[in-house]
Structure formats: structure tokens, C-alpha cells
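Got some structures for you, see below.
Note that subunit A is present in both complexes that follow, paired respectively with subunit B and with subunit C.
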Partner chain A sequence: MISTMHFKRFITLALLPSLLLYAFFVIVPVFWSMYYGFFEWKGIGPLKYVGLENFSEVISDPIFWRALKNNLIIVAASILGQVPIALVLALLLRKSSLLHRFIRSAVFMPMVLSTVVVGLIWGYIYHPQFGLVNTVLEHIGLGSWKRAWLSDRSANMYAVSVPIIWNFIGPYLIMFIAAIQNIPSEIEDACKIDGTRPFQKLFYVTLPMIRGTINVVIVMCIAGSLKAFDQVFIMTGGGPAQSTELLATYMYNNTFNVYRYGYGSAVSTAIVVISGGLIAISQLVFRNKAE
Partner chain B sequence: MKKMLLMGLTIMMVVVLAACGSNNKAGSETGNSAAGGSGQISLSIWHNFSGDDQRAKTMRGLIEQYQSAHPEVKLDVQAIPADGYKQRLKTVAAANELPDVFLTNPGSMIAEFYNGDLIQPIDDLLSAHQGEWSDQFLPGAFDALSFDGKVYGAPINLSPSTILYYNSALFEKYNVKVPETWDELMTAVQAFKDNNIIPIVMGNKANWVANSTVMSVLGDRVTGSDWYLNAVKGEGASFTDPEFVQALTYFKQLADAGAFQDGANSIDNAQAEQLFSQEQAAMTLGGNWTLTDLASTASEDFLNKVEVTTFPSVPDGKGESNAVTASTGTGFALNKKVEGAARDAALDLIYTISGPDAQKAIAESNILVNYKVDMDTAKATPLFTKTYELISSVPFAPVYDAYMSSAGTEALNNGLQELMLGGDPAAVAKKVQEAQGN
Partner chain C sequence: MLGYALVTLYPLYWLFISAFKTNQEFYEHPFALPQAWAFSNFKRAWELSDMGRAMVNSSIVTFTAIILTLFLGALTAYVLSRFSFRLRGPLTGLFVVGMLIPIHSTLVPLFIMMKNVGILNTYWALILPYACFELPVAIFVIAAYMSTIPKEIEEAAIVDGVGYWGIFLRMMLPLTLPALSTVAILGFLRYWNDFAFALVFINKQSLKTIPLSLSIFSDGFGTDYALTMSAMAMSVLPTIIVFLIFQEQIMKGMVAGAVKG
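Up next is the complex of A and B:
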């Protein structure tokens, strides 16, 4: 018993430094930021208490709601794009032959690139005059589809979603492959003995067995998409005319371009609340299904 | 994971901002060393000459020159890339940890340091070197760096933002007249469009470009400078006035006529200059940066085709018909906390990097200065010499974003993109007034 006590104490001690750092750099700033949300502050000079004014302005600003809508487009694109593509690829690429390993590395490659590089590369792919997309469209006779992908308000949110999908398929693919490989071989044998057809095996064996992983991946998708910032910031900066503004770019632009630190803090607080809400909803949905 | 890191950094910045609120380390250190009588003075200086271009090398050379001439001064030099410079400076200002000497923009940026009571005047330095230095600046050079009759910085460059660069070979080839009036401009736009040449190339992804290089001068032509400065202060003029809406309408007309290339809002300035130097575009508007970029990237053959002029006049405009918008240029400001022997050393440093010899060296690095220099034309490029001559012969007008508040500027920047996508001038004017009025 004494040794377990010692062991527990050791765990506490060992966790303490990182816990303190986490509290100091993550938990405390969240509340600090909430506090700043009650002030009008330019970053220089005195803070002026304005009560809930910043928060009510956030709620009444149509750009904030547009940013939220754009974020939800990214969430949807991630869930409907990343998850199915990663799943299909995982089913096709679970063997470990040379070709399969090569394709797996190719799919994983963008994950290794800095997201800034991804933004720059796709910025060039979408270049209105000599970008790859427009050049290809021209050559295959679809010249009328050509457009300034990142400037055209009817297309640019979808255009910026593509690199984000492309960027993060890799890790989900790895998670799915690991989950599929964890399915006990006894079940495979049982399938063989019973003469299961491939699609039956897929829907009645494989998918139910990796259901937990799918749930985790979807939660990660939601959380990741709400934080989306870097690729979009590099490709469009939230423009033109704030048409690709996301919650994070909206917060950044207000804080560091317009120097409204108080308002930016209020927006950050709103992001924390919205993220928490969406994660909670998705957890509830999956819990109900699991039961 | 990258995203996490970014969020982490942002959060960390907030903590640092908050934690250092009442710390004034920089000042007390300086004070101690000066009072201690050890003979050692420490000074910190921040600037954004971190690049590899000629001017950056010249400026770093001047600072090194000071350092070797003054071994008794311990100089802490920080060269910060221009893109993040303003943010870094604002962050340390919020923490009350500004460096002793630092480069600042004129107008609204230095005004924030002045309003925050963070800087001190340098009039005594200017009067000490009156004849050979401070009298030689061009008229109005100190205007945007002064408050209450006191000067807080000496400009080390002149920053025009609306020089019209054009490819004379393309104008000749398609037999187009270089536009001097609005109608001629519209004719030229149509002529180049018919020949599949971009009339005016613009890289407005970072949305200040349309504002600084087109709207500033177009607005000035229509309304005149006085109206603009009054509107900024909210004294007897407002951005919802019909003249400003008219200026925005002109801008929209240009955009609707296809003067700017498709997707101008999604490429950056460097990519736009690339299209210009590949001779796919006939004109571009820009400042000193265009000059430096073209000089370092484009071919000699192309540079010989480039000519400079002013933006065309508009019908019934109230402004000067040939003015170029220019900000008086950046200058070095002095932290309020520097005193005693450290202050003398700091003034000496400012003189070394912005005095007569410095101004000449800067001009010879192809940077326009707000100062009368006898330039050695052999050292500068022909295009630079042409631009210098143009600039010396025209009146100046204010650059919009040097005077408007950050919020007002951002509203106008976004509004111009809105207009390029088919927005309504009156609605944009209203948003600008709301943001600026706050």
C-alpha cells in the first residue's frame, strides 16, 4: 500500500510542472481574455470599463455571424471531405506493399508541410492569371469555368476548404488504418468460414468495429476546423471584403490590425463558448448513439 | 498541431501583455548606468532594416559607424522584419517597454506613442544643427512628426504612394496616349483591354494597396486635401459627404471598366509587380517600394521602357491636378524615459543615422528623401533619377492611411474591395464614417 501511495505522489509531482505550465499559459489566459473583454483598450494607454458593450457588439456584428457561417462551412467540408476520403483510402491501402506504402506517404505528405507553405502553394494553384486550376480548365475546354477562385465571393469559401481537406487527411488515414488493423484476426477467420461477401463484411464487421475511432476523428475534425486560421490567413487574409473571414481571422484582424484589444478579447471568449458548445453537442449525439 | 501552436502563441502574447503592464526595465537600466558613472551607457534601438536591399545595408552601416565611433556606448540593436514591425512595437508599447530609440511611421502611428506619453521631443538636436542639417529638409517634412509645435522625429525618407509607372513600349505599340485626364484614362483602359493587356495591375490581397496607391490620390483629386484632413478630424466634413461618395464612385467606375485585372484581390503586391515586369500590364501605381522591387528583379531592358508620371486629373476636381500623395516618411523617435548622458548619446545616434551624411547615403541607395541632396546620379538608377525629378516638381497630398484611425482605414480598405466586387459607394462611405467617427 505504501508503495502505491509513493507512486501516486510521484505521479502528482511529475505531472505538476506541465500542469502548472498548462494552467498558466492556457487556462489563465482564457479567463484573462474574458476580463479584457469588458474593457475598451487600444493596447496602449488606459483601459476603459465598458461592461457588456463589446459582447453585445460581437453578437450584433453581421461579420461575426458570417465568420461563424464560414467556420461551419469548414467544419462541414472537413467532416464530409476528410472523414470519408480517409476511410476509403484506409480500406484500400491497409496492405503493406510498396505501392500502398507509397500512396500512404503521398497522402500523409501535406501534413508534414508547414501550413504556411500549404497556403502559399495553393495561393499559386489558384492564381487568377497563371494558376494551375485555371490553366487546366482552359486546356480541357472548360474555359468558361475559369474564375478568380480566391476573389470570387460565390466560390472562395469552397476554394479555401480544399487545401484544408487535403492538408489533414493524413493523420485520420493513419488512425483508420491502425483501427482496422486492430480488428482481431479471429473475426476475419469467422467471416471466411461463414462466406461473408465483401460489402457485408464492410458494413456488418469493419465499420461497427472501428466506430469508436470514427467518433474520435469527427470530434477532432470539429475542434480542428473551429480553430482554422493559418491556411486561410495566408491565402486570403479573410478578404476580399471579409468574405472568407473565419472566427480566428476576425479576432486577429480586430486585435492586431484595428488595435481593438478589448473587442478582440470578447471575440476570443465567444469562440471559446461556441467551440465548447459544438463539442458538447457532438459528444451528446455520439453518446446517445453508442447507447 | 500548427494551429495549436499559433493559438498558444497568441495566448502567450496576451499573458505577456498583461504581466508586464507596470514594468519599466529598459528605462531604469539606462538611468542606473548613466548615474553609476562607470562611463558605460547602454542604449537600445529598433528598426526594420532587416532585409538584404541596398537601403537596409546602408542603414545598418550607419548604425555600425556610430557603434565604432562610440565604444563607450553599449548598443543593443534589433532589426525586425517590416511585416511584423508595427505589431511588435505596439506590443512592447502596451507593456511600457519601448526601446530607447525606435523607427516609427509618421501620422497616426507616432500619434499613438505621443498620446500614450511615451516619447519626447528632439527640438534641441535640430536647433543645434540648424544650418547644415535641419534647414535643408523639404517644406512640411516635419509636419506629420510634430505635436504642439514640437518635433518628435526627423524623417529619413519620403514615401510617395501614388506614382503612376507605365510601360512606354506598350503605349507606343497599341498607339495609346498616356492619360492626363479621366476620359483619357478610360479610353486607355478600354484600348488595353481590347488588346488583352491588363490596363492597371494591382495586388490587393493585403488590402491596403488599393487604398494607398489608388484611392488616396483619386480622393484627393476630387475633394482636395483640406476636405480630407477635416473629415479625418470630423470637423465640418464627413466621409458621407457627396464629394467622397463621388470619389468612391470614380473608383468603382475604374473597377467596373476592368481597369484592374481579374482577381486583383487575391494576389499580392510582388505578384502584381511580376505581371508588370513581364509586360502583361501597361500601368501600375505604387511608391518607392515599386521602384526598389523593379530595380532588383526586372531586366535592364524592361526598366528602360518604364516611365513615371502622376495620376490623371478628374473633371471639376477640387484638388491639385498633379499632386502625388506622400507621407513625410519614417523617422527615429526617442523614448521618454531616456535622460542625462544616455539622452545625449541617443541624440548623437539619431544624428548619425538621420543627419546630412545619412540623408545622402540613403538617397544614393535609391530611396527618396525629404531633404535637399546633391545626389551623385551615377550611383542611382536612371528610373530612380526620373522619379526623383518627378517628385521634386509636384505638390504633395496626404496618404489616406497615414491619417485615418486604424478602424477607419480597415473599413475603407474592406470597402474598396467591396466596390471591386460590385458594392455600393454610398454604403461604403457610411461604414467608413462610422468606423472613423468612433
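Up next is the complex of A and C:
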């Protein structure tokens, strides 16, 4: 038999490498980021302690608020775009026939592409001269709607939201399909016996039964949209004139383009606080509804 | 429904047909099939974007990170799922929290820390963060699978005098192979496609990964469209092939990982 001493030694030795690496690369940086927020620093030279100056600058910085607003546009676009599309497709894709499997794979496919490729392809799709969007508008006689989608400030936030919706619908679709398949077949039978009409069944049976999954998906939309960075960074870099700036691109540009490490760190901290707050709020809403 | 699927696929289809066009054709007939399939685009794109170098770098980083993720993830999952000890709950919680941390908020401190330790601009600057940020999902997926393995197997092994390491290496690893392969495939897609870490932690031309070498096409160099399209087409082929082979596993794994996130 193996002694307690062996037991303890094994647990320690087995956990130590991953714990150390994980703490060093994931946990510590979050706190370190808060710490750097208290300094003014150009990346080289001495750190200058400035107290809460960076944080108060974040709060009074109009571009920070615009970035947050842009992130919230993406949150809204995800919730209003991804959830309904994924839900409708899931309701229609219940069989595991060849056609249904093909559609599921097709919708999931963008998920496996590099976000850089997604950004570049859509950059071309929106291209003012030869982009697909403008060419299609021309062909269907809506030539007057043509514009430079990514530089027109009235349209570019919506334009950059579309690829993000396109990119991430797949997982939600699969989650909804799984949830619908989990509805007990007795309920299905009961509906048949009662002669429930399809629409009644949808609103009184199916949707309430998968409400938990819908809530989880909405939480994921919120968390995912606050992390949005790659596609927008590739398509516009946050421009023109910071009109498509997101929290993450703003943090990146402050730190690695204008070398304001302290300010960038304060923005980072704000991102952590905001995502934590939004996730907590959505969890509360989720719990209350579940009860 | 089928219509929506085709619309979803259209940008990809467009990418692949455009990769075979000349610049002028791309500009004048963006929708049409290429008049003459210009396979030479791929050769030129391969050379000009230094795609060979990028493929080698991406492969080295991806596969080392996968091995590290699997080993650390499996070992941690084994301890957290099969042993009971006082710190088990808090430690599991600590790893779960990792799924909620937005990676971009760690870029600055990681950059500075790795610069101080001197691993910035090495393969390790990507391998270690990749493996660490994937650990929560890896542990979650592997531990869930391990908890389905009957405890009697281990007890029998202990009676036979096999140590914990022996049980882990010779029994748990082979028995959890399906979960390990799910983690490996998800890791492959994440690491192969990652942009943010590569953008910040790698500046050396010779170490650039595929997404990084593609990203140069986004700022001004991108006027050679045919070239960009061919380079992109080549870069997405590996992930599309992996997806077509393992799609069921990928869909299940991503959802399992995502639900907790």
C-alpha cells in the first residue's frame, strides 16, 4: 500500500508545475496590470508613481467611453444577431440527415479560421471599389447605398460587427441543438396527443424548456464581445479617427503604439472590472430567472 | 436554411476562387470563376510571404504547446478528479477562474515579465502562454472524462504495487485518450490561429507565425490582392482539413469548453 507521505508528495509534485506556470502566466499578470496602472512609464526607464491619476484619466477619457460604447454595440449585435439566427437554425435542424449535417458544418466552419483571415476576407468584402457588398448593391440597383463601409463613421461599427456574428454563430447553434434534443420525448408525445399547434408548442414548450441554454448563450455573447479584438484590429486598427476603437484595441494602441504602459494597464484593469461586472450581473439575472 | 449555409460559406468560396485570379481579373470580375486558373499565384505567395518559414514556426509552437497542454492538463486533471485533499476545491476554482480572464488584459504585464526573464522573441514566449491559457479548458474536459473511469482499476493497480506515477502514465493516459485528443484538436485550432499573443510577443521576422505574417497584408502592403488571397488560402487549408476530419469532436469539445467560459 502507498503511505500518506507518498500521497502528499505525489499531489504536491503533480500539481506544482501547472500551478506555477498557470499562476505566473494567467493569475499574476492580472494583478500586475493593476499595479502598473499606478505608474507613468514608457516601457523603459524608471517608473513614476502617479497614484490614481491613470484611473481617473480613464474615467474622464471620451475615447475610452466611445470604445466601451463600441464594445456594447458588438454585444448588442451578438445578442440580436447570433442568438436568433442560431435559435431558428437549431429549431429547423433537428434531424441528423446528410443535409442537416452539412448545414451545421457550414455554419460552424468560420469558427476554425484564423481571426486574421476573417478580418482580411471581410476587409476585402467591404472594399469600396471591388468589395462584394458594394458590387451586390450596384447589381440590385441600390447603387446609392454604396459607401466605404469601413471608413464611413456612420456605418463602420455595424460593418465590423457582421464578421464577428458570422465568425461565432457555430458554437451557439450546436448548444441550442443539444438543448432541444434534451427535451424529454414524453413532452413531445403529450403535445401530439393534445394536438398542440406548432407555434403554441414553440412558445409554450420548446422555448421555456431551453431557457437555461439561452441564458448561458447570452452570457457568452457578453463575455465574448468584450474580448473582441483581432478582427477589428485587422480590418480598421480602431480607426479612422478612433471611430471603431474597442477597449482591447485602445489598450493595445496606448501601450504598444504610443508607449503609455501605465495608462494601457489602467485600461486593461478597466476591461477586467467591466467584464467581471457584466458577467456577475448576467449571472444574477440568470439565477433569478432560473428560480 | 440551405440558403443561409451557402451564404455562410460564400466568403470562403470567394477566397478560394480569388486565390487563382490575376489582380486585374479580381478587380474587374470579383464574382466570376477565374478565366485561367493561375496556380503560379501560390508559388509566388509562398515565396513572398515567407510562408514556409511561418508554417515551420507555427508547427513548432503549436505542437510543443499541445504536448505541454496535454501533459500538464492530464496530470492536474488526474489529481483534481481522483484524489481528495483539503485544497482540492479552491484549486479547482482557481483554474476555472482562468476561463473568465480576458487575455488582452494580460498582454502588458506578460510582455514586461517575459522581457525581464528574457524569453520574449523566442518560441517559449508563445508556447508557455498558450499552454497556460488553455489549461482550464483542458483540465475541465479531461477531468470530466476521468471521473467516468471506475475507481476499482486504480485500487487493483495499487494492490499490485504500482505507484501513482505508474497509474497516471500507464493507465490514466491511455484510458483518457478520447478526451486527450479532443483537447489536442482544440489546442491545435487555437494555437495555429492565435493572433494577439503572437502580435505582442514576437517581433522577429524569423519567428513569425502564420497569422502574423498574414497580418502584414492588412496595412498597406495589401494591394497585391491575388497574392494575399493565395497566402490566406494556403494558411486556412490545414485547419479546414482538420475540421473536416474531426468535426464532431471539435463541435462537442468547443461547446464543452465554451459552456464553462
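The rule is short, and it goes like this: the second predicted complex is superposed on the first by the 269 of 291 C-alpha atoms of A that agree within 3 Å, B and C clash if a C-alpha of one lies under 4 Å from a C-alpha of the other, contacts with A are read in each partner's own complex, and residues count from 1 in each chain.
Everything below uses one rule, namely that contacts are C-beta pairs under 8 Å (C-beta built on N, C-alpha and C of every residue); 3 or more make two chains touch, one makes a residue touch a chain.
Note that the structure is predicted; figures quoted are calculated from it, not measured.
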Discussion item. If we overlay the two complexes on their shared chain A, which of subunit B and subunit C does A:Ala241 touch? Say first, second, both or neither.
Written reply: first
Item to complete: Have a look at where A:Arg260 lands relative to subunit B and subunit C in the superposition and call it first, second, both or neither.
Response: first
Discussion item. Once chain A of both complexes is superposed, is A:Arg94 in touch with subunit B (first), subunit C (second), both, or neither?
Written reply: neither
Item to complete: Return first, second, both or neither, reflecting whether A:Val107 touches subunit B, subunit C, both chains, or no partner chain.
Response: second
Practice prompt. Using the touch definition from the top, say if A:Asp230 reaches subunit B (first), subunit C (second), both or neither.
Written response: both
Practice prompt. Identify the partner contact of A:Arg211: answer first if only subunit B is touched, second if only subunit C is, both if each is, neither if none is.
Written response: neither
Practice prompt. Have a look at where A:Arg66 lands relative to subunit B and subunit C in the superposition and call it first, second, both or neither.
Written response: neither
Fill in: Touched partner set for A:Ile125, first subunit B, second subunit C, both or neither
second
Discussion item. If you tally the residues of subunit A touched by each partner, is the higher count for subunit B or for subunit C?
Written reply: C
Item to complete: Classify the contacts of A:Ile44 with the two partner chains as first (subunit B alone), second (subunit C alone), both, or neither.
Response: first
Practice prompt. Check subunit A for residues that touch subunit B in one structure and subunit C in the other, and list them.
Written response: 24-26, 28-30, 32-33, 36, 43, 114-115, 123, 129, 227, 229-230, 235, 237, 248, 252, 256, 261, 265
Practice prompt. Name, in rising order, each residue of subunit B that touches subunit A in their complex.
Written response: 2-4, 6-8, 10-12, 14-15, 17-18, 87, 90-91, 93-94, 112-113, 115-116, 118, 204-207, 261-267, 271, 275, 280, 406-407, 410, 414-415, 417-418, 420-421, 423
Worksheet item: Can you list the residues on subunit C that touch subunit A in the complex?
Response: 1-2, 4-6, 8-9, 11-12, 14-15, 18, 26-27, 30-31, 72-73, 75-76, 78-79, 83, 85, 91, 94-95, 97-98, 100-110, 112-113, 128-129, 131-133, 135, 158-159, 163-165, 168, 189, 192-193, 195-196, 200, 210-212, 214-215, 217-219, 222, 225, 228-229, 232, 235-236, 239-240, 242-244, 247, 250-252, 254-255, 258-259, 261
Item to complete: Give every residue of subunit A touching subunit C within the complex, in rising order.
Response: 1-2, 6-8, 10-11, 14-15, 17-19, 21-22, 24-30, 32-33, 36, 43, 85, 89, 92-93, 99, 102-117, 119-125, 129-132, 135, 166, 169-171, 174-175, 178, 216, 220, 223, 226-227, 229-230, 233-235, 237, 247-248, 251-252, 255-256, 261, 264-265, 268-269, 271-272, 275-276, 279
Discussion item. Going by the contact rule set out above, which residues of subunit A touch subunit B in the complex?
Written reply: 24-26, 28-30, 32-33, 36, 42-45, 114-115, 123, 126-129, 147-153, 156, 224, 227-230, 235-237, 239-243, 248, 252-253, 256-261, 265
